[in-house]
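Before anything else, here is the set of structures, which you'll find just below.
Look for chain A in each of the two complexes below; its partner is chain B in the first and chain C in the second.
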Partner chain A sequence: MRHLTQLRIGPIGFRIGSHWRRPLAALDDLYRDYPAPHDGIADFNVHLFAARPWRRVLRPSVHIAGDFVIPDAAPLPLAQGLLAAEMGMNLQMALGLRRFLLLHASMVERNGRAVLMTGISGAGKSTLAALLMARGWRLMGDEFALIDCATGLAHAFPRLVSLKNEAVDVVAQALPGARFGPLLEGTPKGAIRHLVPDACAIAAMDVPAEPSLILFPRFGFEAAARPVLPSEAFVRLTQSSTNYVSLAERGFDALTRLVQSVPARAIDYPDAETAIAMVEALA
Partner chain B sequence: MNPALLLARALRDPATIADLAASDWNALFAVARAEQLAGTLAHRIAGLPMPGAAAQLVADAITSAEQGRTAALWESEMARRALAALDVSVVLLKGTAYAAAGLSPSVGRVIGDLDILVPRARIDDVEAALLAAGWEWVKPDPYDDTYYRRWMHELPPLIHRDRDKMIDVHHTILPLTARIRPDATALLADSVALENGLRILNPQDMLCHAAAHLFADGDLAGGMRNLWDIHCLLGEFGFEGLPERAAHHGLGAAIRRAARQAARIYGTELPRDWQGWDALDPLFHRRLTARDQWGRSTRKATQLGFYVRSHVLRMPPTMLARHLWTKWRKGHRPA
Partner chain C sequence: MLYRAADPATLRVVPLDALTLVYHRASGITHIVDAPVPEILAILAEGPRNVAGLLGVLVERFDLADPDPAALAVRLDELVGAGLVERTCAI
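And then the complex of A and B:
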């Protein structure tokens, strides 16, 4: 592949190759403050390629693959190449990561204590993480929380925050000075705009934190909070982990330890301000 | 250096990793993953001086392979229990067999599906017992299903509904449509019992099967892993009795080609009368080592040639035409 870039997000190094310069130029710009992989050796490779040579120029369509592939990953138009690169990196993490227990969750930290927020798509994980970052929390990630199976510590994976639809404006207002990527309209998930995590999130990305609270937020309901028993938290987190099964005993031990040592709450919220107030009161 | 040969060199002579640059390491692991050899590579080079990030990849691959081995052996135990009441010989094949018997190819080896060989006369009983124990059919297509049952050397793949693991139940080791017809009765009769009652092929048959799988069937995709198996097995069992047994199965040419390719790529030591390099060997070598530094397959024309060859080996021309026509209408295209 003609174009190549390398970057590191938290503990994970990526090497991304592309038939086109544009998606990598966008990555290089938005990830300009991120380091290179340790020793220049990547954990995962991502390929952005044209299925047929002429599709590099003619109605260019970006196929996503890498070290680990799923059979029917749908291609994206070249205008959404940045999203393709992000999806490619996420896919490698979801399919290939074995070093950590991977939870599909956003995560913020204050005073060394990490709050994990997980839930179905649309629950507001990314939005809440971005808004908490605006209030001085350290953003540890908006997509994946990495739990060290040996120590139980949570490691940051502060990739670009992927904001969707209404959340784009809400976050832009809360973070007027932040850097954003281009607005990508008409993606499979609607309008998407990427937010660059702030300098603090990037500077501290190698610093793990002790998990202190697990939240299951739900948007669109009257404000309510209820405790979640370890048993329920366990089952819900197995569903939000992509590698729980493949880690087998290590995954079971890490997750058991997490739900037994960290309290969990389900919170319903009607709007962002309420949610932020609830998180800050609980944390 | 060709990235596939870079991998072969590291497997063959681990000390050669000392001079790798970061870009070489990236290519090495990309190709090793693509060829399902990351765990094998990791075990070969573990403990040698290398950059910290490479050591981390090695540690990850070793842990991952170890878990895969545990899961594969458990899967074979599940099949053993499901079939125990039938009083039928169940022979483990390929990766699971190597792991169950502690043979050298199993070190770090990725194990895919569970492959077993059973007598053809009992295959209906075996299928019924597996279905009763929670395995289900994968192929929803009636054409494929009929094709498997009529012409293939195995049942349509079954997958376990709870564990999500695939089992391939073979009654011989090559499709019934292929010109070569290995002696399946002899494979079963001369198999070797393990402590738990499951069986493995005897050493010569194990080599014949590996060679048949690689050179008499399929398009050699991911062939470096299968060739590494052959390299290890030849080193472990030697050549005694191998030509006779291979000839009995009609696999004399396949086993010799396998040995020559293993020698060229991995440095397997061959007896004098096994050495050589025939007119077609360069093509096989070219196909086996077709990887770029991202681990993607290259040499599309060679690949297509071997894809066509795999079908020609598998069935007579008129049948092939009918089969391809049916598959084409269903929207199948060669990768």
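And then the complex of A and C:
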């Protein structure tokens, strides 16, 4: 690859190669306060490449590959190269991570206690995590929560927060001094803008936390909260984990321990303000 | 036809609430089961039984409301399919 960069997010190091400078320049800028991989050795490689040499310049489209690939993944236009790099890193995590039980969840921490929020796309995981960060919580991640199978502790993965559509303006108003990436319009998920986690989230990204609450938020409903039994939490978390099956008995042990030791709640909310109040009351 | 539970060393049984998790080491599959499956596995772990013998123990120990040998046989076939129960020869 002609252009290369390296960075570390929480415990995971990445080496990203690209046929174009532009996506890596955006990464270098937005991740400028992040460290390099431990000992300079990345856990995962990501490749951003043109399928044909002329597609580097003629209607350039960015294909995503790396150590782990999805066949026939659709390429993105070069203007969305930053999104391609983020998707490439997510893909490696989702398909290749074996060191931790990976849950598709956002996570915030206060006083050493981590709150995990998981749900379908559009449930508000990223938005709630960003708004809680604005209220002084430590952002541990907006996409993946990493559960240590031996200790049960939650490890942070504070990548750029991916804000979509209406959430872009809501979070920009709540965090007027924050750093944002460019507004990427017309992506497969609509308009996307990346938010750089605050200095606290980056400085403390190697500090794990004890999981203390699991939330299943749902946006667009009257405010309501109900307890979720461990068996239901188990089923929903297996659905939100990309590596539960491949971890075999280690994954079973980590997940049974989590649902047996941490209370879970399903919360419905009509707007972000209500959700924040509900989370802070439950946590 | 006699039935017996899979080797206990191949099963991890974790009761949660109304439901019980059974991790089957031999296949790597997690089963989420309701009563009376954990009870059936516990009885068949004590030794092989046929349908009538198993039903008798379930009625005696768990006050089974509606003892139905046909339904129990279907359930046992499902557990055999999942690898949690094995058929064994009566001889």
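To be clear about the criterion, the second predicted complex is superposed on the first by the 283 of 283 C-alpha atoms of A that agree within 3 Å, B and C clash if a C-alpha of one lies under 4 Å from a C-alpha of the other, contacts with A are read in each partner's own complex, and residues count from 1 in each chain.
The working rule: a residue touches a chain if its C-beta (ideal position, glycine included) is under 8 Å from a C-beta of that chain, and two chains touch if they have at least 3 such contacts.
All figures in this text were calculated on a predicted structure; none of them were measured in a lab.
With the two structures aligned on chain A, chain B fits next to chain C without clashing.
In the overlay built on the shared chain, the residue A:198 is in contact with neither chain B nor chain C.
Taking chain A as the reference chain, the count of touched residues is higher for B when chain B and chain C are set side by side. Of the two partner chains placed by superposition, only chain C is touched by A:238; chain B is not. Legend: residue contacts after superposition of the two complexes on their common chain; A:47 is shown touching chain B, with no touch to chain C.
Contact with neither chain B nor chain C is seen for A:142 once the two complexes are overlaid on the shared chain. After overlaying the two complexes on the shared chain, residue contacts for A:248 are found with chain B and with chain C alike. Of the two partner chains, neither chain B nor chain C is touched by A:109. For the combined model, the angle formed at the CA centre of chain A by lines to the CA centres of chain B and chain C equals 60 degrees after rounding to the nearest 10. In the composite built from the two structures, the nearest CA pair linking chain B and chain C is 6 Å apart. Comparing the two interfaces of chain A, the one with chain B and the one with chain C have residues 248 in common. Across the interface of their complex, chain A is touched by residues 12, 14, 16-19, 21, 23, 25, 28, 30, 32 of chain C.
Residues 229-231, 234-235, 238, 245, 248-249, 252, 256, 259-260 of chain A are the ones touching chain C in the complex. Put simply, chain A touches chain B in their complex at residues 1, 13, 15, 17, 37-43, 45, 47, 65, 67-68, 98-99, 246-248, 250. Contact residues of chain B toward chain A in the complex are 22-23, 25-26, 29-30, 33-34, 51-54, 56-57, 60, 63-64, 67, 70-71, 294-296.
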